[in-house]
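What follows is a pair of complexes built around chain A, which joins chain B in one and chain C in the other.
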Partner chain A sequence: MAENFTVDFKGGVAKITLSGRLDTTKAPALTEELKKMIGQPVSRIVFFAKDLEYIASSGLRAIVFAKQKIGKDTKVYLIGAHDEIKDVIKMTGFDNFLITQDTYEDATNS
Partner chain B sequence: MDRIDIFPTDTWGDFRLRPGKPMPFGATIVPGGVNFSVYSTGAYSCELVLFKKHEPKPHAIIPFPDKYRIGHVFAMIVFDLDYEEYEYAYRMDGPFEPSSGHRFDKTKFLMDPYAAMIGERDVWGTEPDWSNQYQHRARIVQDDFDWEGDSPKEIPMEELLIYEMHVRGFTRHESSGLKYPGTYAAIREKIPYLKKLGVNCLELMPIHEFDEFENCRKTADGRRLLNYWGYSNVGFFAPKAGYAATGKYGMQVDELKTMIKDLHKNGIEVILDVVFNHTAEGNENGPYISYKGIDNKTYYILTPDGHYYNFSGCGNTLNCNHPVVRNMILDCLRYWVVEYHVDGFRFDLAAILGRDQSGAPMHNPPLLETLAFDPILGKCKLIAEAWDAGGLYQVGSFPSWDRWAEWNGKYRDDVRKFLKGDPGMTGAISQRVAGSPDLYHWGGRGTRATINFITCHDGFTLMDMVSYNQKHNEANGENNNDGGNDNQSWNCGCEGDTTDPEILRLRHKQIKNAVTLLLVSQGVPMILSGDEFGNTQFGNNNAYCQDCEISWLDWTMLKKNKDLFEYFQKMIAFRRNHSALRSSRHFQYRDYLGSGYPDISWHGVKAWQPDFSEGSRLFAFMLCGKHARQGQEPDNMIYVAMNMHWEMHGFELPKLPAGLSWHAAVNTDMASPYDIWKPGTEPRLDNGEVLVGPRSIMILIGK
Partner chain C sequence: MQNKTFPAVMDLLEPMMEFIRSEAVRQGFSKKDVDQINLACEEIAVNVINYAYPGAEGKLEISLGENDDGMIITVSDSGIAYDPLKREDPDIALPVEERPIGGLGIFMVKRIMEEVRYARENDRNVLTMVKHKKVNSE
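Let's turn to the complex of A and B:
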């Protein structure tokens, strides 16, 4: 089954582009990708979510996992998510650790 | 190095298994897998049924091998289970012998009594698929919430100001102006309002998973009536998904925890209304959900021939003092305190928790004692609704060990009678304002034992209490036969809505009288949400089934009745500013500090001469500020004069020590904003008497 995300991990920055529905059929594969980063120096994980239509609890848990397991100094961004997803992030308190922005400025390239 | 106990020992199809840990019960995430543990004293065998989320048919059915059972507990670890993907159930085989209490049915899917999250009823009011054989589905919860250092607040009981609220009704009305009305998230958005009002504790009507479609029906005019209040448990450990804006994402646990964390950050505690007296399985005609098919004889109080005793009025009665059920209740309360940081519990029909396994009241009920002395519950609030539907009425006598407080129904009744001008109430009122020592002074129980309230979800709102002589429950479709008839209400001259300015003025004054009396009484005050802006249920005193404007708070009333809100707000602040109103101990009626005044004294139209006669409707009391909190936190002298007669009366004021004079702080006979004065601006009174208007209360402070 084709995954609806892509991962670009270099220079300590993981850029993950999400699309379609991130639910129980897709989230485990995403979690597996994130697990590969455990133990590596990761300064940022950036989820590009402009084309993300729906996120289920399993998808959110994958993001929590990213924050909790990869490194306490790792910053986690959610970029361009539509309002409903941003609301879920806010109502569940995930906005405490997720940096939600409309656009992402790539500090690594500057 | 990996632990040796995380390796599977057996397989079942593609599943890898290992004998589980019997404790804790429920589904627990362990290294490599999920530990499932369930007990049944009567089952021969048990199967774990795994469903893919939302799928009608099971994905896998895994029998517990005999060697996985210890005592009465079936326990199994399933490895590599993607727990976000699954819902689970049990099937149990055992005897079907109703006459001896067993009702096993191996065809039924049964929900884990310890289910921490329950799925498939994710959005409030969405008609379920009734053909689904497994309606309420246990899900597995991860413990990854970031509390950011939060813990239960442990506000002293005497400092509490409780605000009773229905999660949905508080914000569901479109006038709340919120994006996701009727949810935990919406309450979070209303925190600034709650802070402005000044309350520091929310008591939430049931938020455990219940079925709003239980006994749902349509009225003659086609409206659907639901179980809106939710006093009927499907699962004791799971929050109601339909109250979460994120329920459809399965995120209700996080949303509720986020709400509690934010309330705590803002100095507001959370008390849950818990319903351990019965479950949603009803009697022998009710559905199998969980307990009935897992261990019917253990969970319910049964007659000798196997029928359900009904002390709850709802079909069955939980067997609360069975040791196994007792432990489940204890586990449940600990879970809510540990996992959700809740600050206390109000126990619905708590008298049932003191009945033995045959239904008889016990002298020292072990469940109540266990909860009173439990280390984890050690600082949380335990509040009993000290009666049940079986006729056991224990207000003032509920077993307490100085830990249990009670909803003081006598406070409600006496204050209502006094407010509407019934004669012969001054003696009772002297007890109620003093923290009901007649009910609670024995055995060293302090004022913390009494939860003082005039209105609650059950009965008239405060506006309706002053607008209706009779209940008007026609919308409930029971020919107005439901709901209490002893409301002790008075419509002030017209039944229901009116434009008569005199009647409206009197109603507002009576509301102010009520909240004034409540907030100058010793004990723990409780306000019904919406009363602070005159919310009405249009005379319905039993709106349990009304998911509509009858129950929802109409926030346009906040503007319309701005005077009431401001009065509540200022009166709450007045209570907070005066330590003399918030003692944890009862008065001694004497001067034990050498101030020259007793800690509390009674007065009438003549100072030092109260009139407790049958015809009296006047009453005044004075608190000696030096005795406030037994001298630990001195306050002003406070004098409260209450005139519930329909004519004005003069009250002679007690003399103050040299250098002090009386100042008027509150006068409910005056129109807003002259009904309550800002601290520091109270006008000084120079004559030795005050005139208290008809049906009015004045508060003076001596400073």
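Let's turn to the complex of A and C:
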């Protein structure tokens, strides 16, 4: 099964590009990938979500995991998500901690 | 009314959801609503797959219907008695560091669906959800 995400981790910034449907069958692979960052200095985790079509709560859990386990001071960004995805994020209250922006250039300025 | 019974295994999650999605599309729900119906049903199906039949094989039955209000989805199994609605809602105002990770799925189901009911009938768990057609889901 092809993974529907790519990870680029350099200089304390993890850029994760999500695509397709992040459902319960796919989310554990993402969590595994995020686990590799535990104990390393990570200042930012940037989820690029332009091509993400759908997220289940297991996918959201993977994102919460990133915040809870990787570092209290790690900033978590969600970039370019569709309205459908943003609605789900809002519904769960995750918009409290996810920095949701249209582009990453904006994110670097904040 | 349409019925399908699946072995309760994660490998069949996608065909289960496809069954539900195609009926939701046929009933005229928007793409956004179809996605949210999928999301809610996935949470329920995954609960059954993971917990209804500990150490054993079992089946999951999906029934789909339609009334004036909208779509009626029933997910049932003959596994151990479990009412997922009894779980307390997570406090979504808590800072994420303090937030327990469980309970989120059912909370989302309750937010997405206008009605959610659980019953234990003839030694089966029967979860019924209704998604209205015109109501915006925030």
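Throughout what follows, the second predicted complex is superposed on the first by the 105 of 110 C-alpha atoms of A that agree within 3 Å, B and C clash if a C-alpha of one lies under 4 Å from a C-alpha of the other, contacts with A are read in each partner's own complex, and residues count from 1 in each chain.
Please note the rule applied: a residue touches a chain if its C-beta (ideal position, glycine included) is under 8 Å from a C-beta of that chain, and two chains touch if they have at least 3 such contacts.
Fair warning: this is a prediction, and the values are worked out from it, not measured in the lab.
> For the three-chain model obtained by superposing on chain A, do chain B and chain C clash or fit?
clash
> Between chain B and chain C, pick out the one touching the greater number of residues of chain A.
Per-residue touch count on chain A favours C.
> When the two structures are overlaid on chain A, which partner does A:T24 contact: first (chain B), second (chain C), both, or neither?
The answer is both, since A:T24 touches chain B and chain C.
> With both complexes overlaid on chain A, does A:Q40 touch chain B (first), chain C (second), both or neither?
A:Q40: touches no partner chain.
> Just checking: does A:T6 make contact with chain B only, chain C only, both, or neither of them? Give me first, second, both or neither.
A:T6 contacts neither chain B nor chain C.
> For A:Q101, select first, second, both or neither according to whether it touches chain B, chain C, the two together, or no partner.
In the superposed model, A:Q101 contacts neither chain B nor chain C.
> In the overlaid three-chain picture, which partner chain does A:D87 touch, first (chain B) or second (chain C), both, or neither?
In the superposition, A:D87 touches chain B and chain C alike.
> Look at A:K72 in the shared chain and tell me whether it touches chain B only, chain C only, both, or neither; answer first, second, both or neither.
In the superposed model, A:K72 contacts chain C only, not chain B.
> Mind checking 3-11, 111-119 or 417-425? I need the stretch of chain B that runs into chain C in the superposition.
The listed stretch with clashing C-alpha atoms is 111-119.
> Based on the A-chain superposition described above, do chain B and chain C contact any of the same residues on chain A, and if so which?
Dual-contact residues (chain A): 24, 55-58, 60-61, 64-65, 68, 87-88, 90-94, 96-97.
> Can you tell me which positions in chain A touch chain C when the two form their complex?
Against chain C, the touching part of chain A is residues 23-25, 53-58, 60-61, 64-65, 67-68, 72, 83-84, 87-88, 90-94, 96-97.
> Which residues of chain C touch chain A in their complex?
For chain C paired with chain A, touching residues are 10-11, 13-14, 17, 31-32, 35-36, 38-39, 42-43, 46, 92-93, 95-97, 99, 101, 104-105, 107-108, 111-112, 137-138.
> Chain A touches which residues of chain B in the complex?
52-53, 82, 84-85, 142, 144-146, 148, 179-180, 183-185, 188, 244-246, 249-251, 254-255, 257-258, 261
> Quick one: in the complex, what on chain A touches chain B?
On the chain A side, the touching residues are 24, 27-28, 55-58, 60-61, 64-65, 68, 87-88, 90-94, 96-97.
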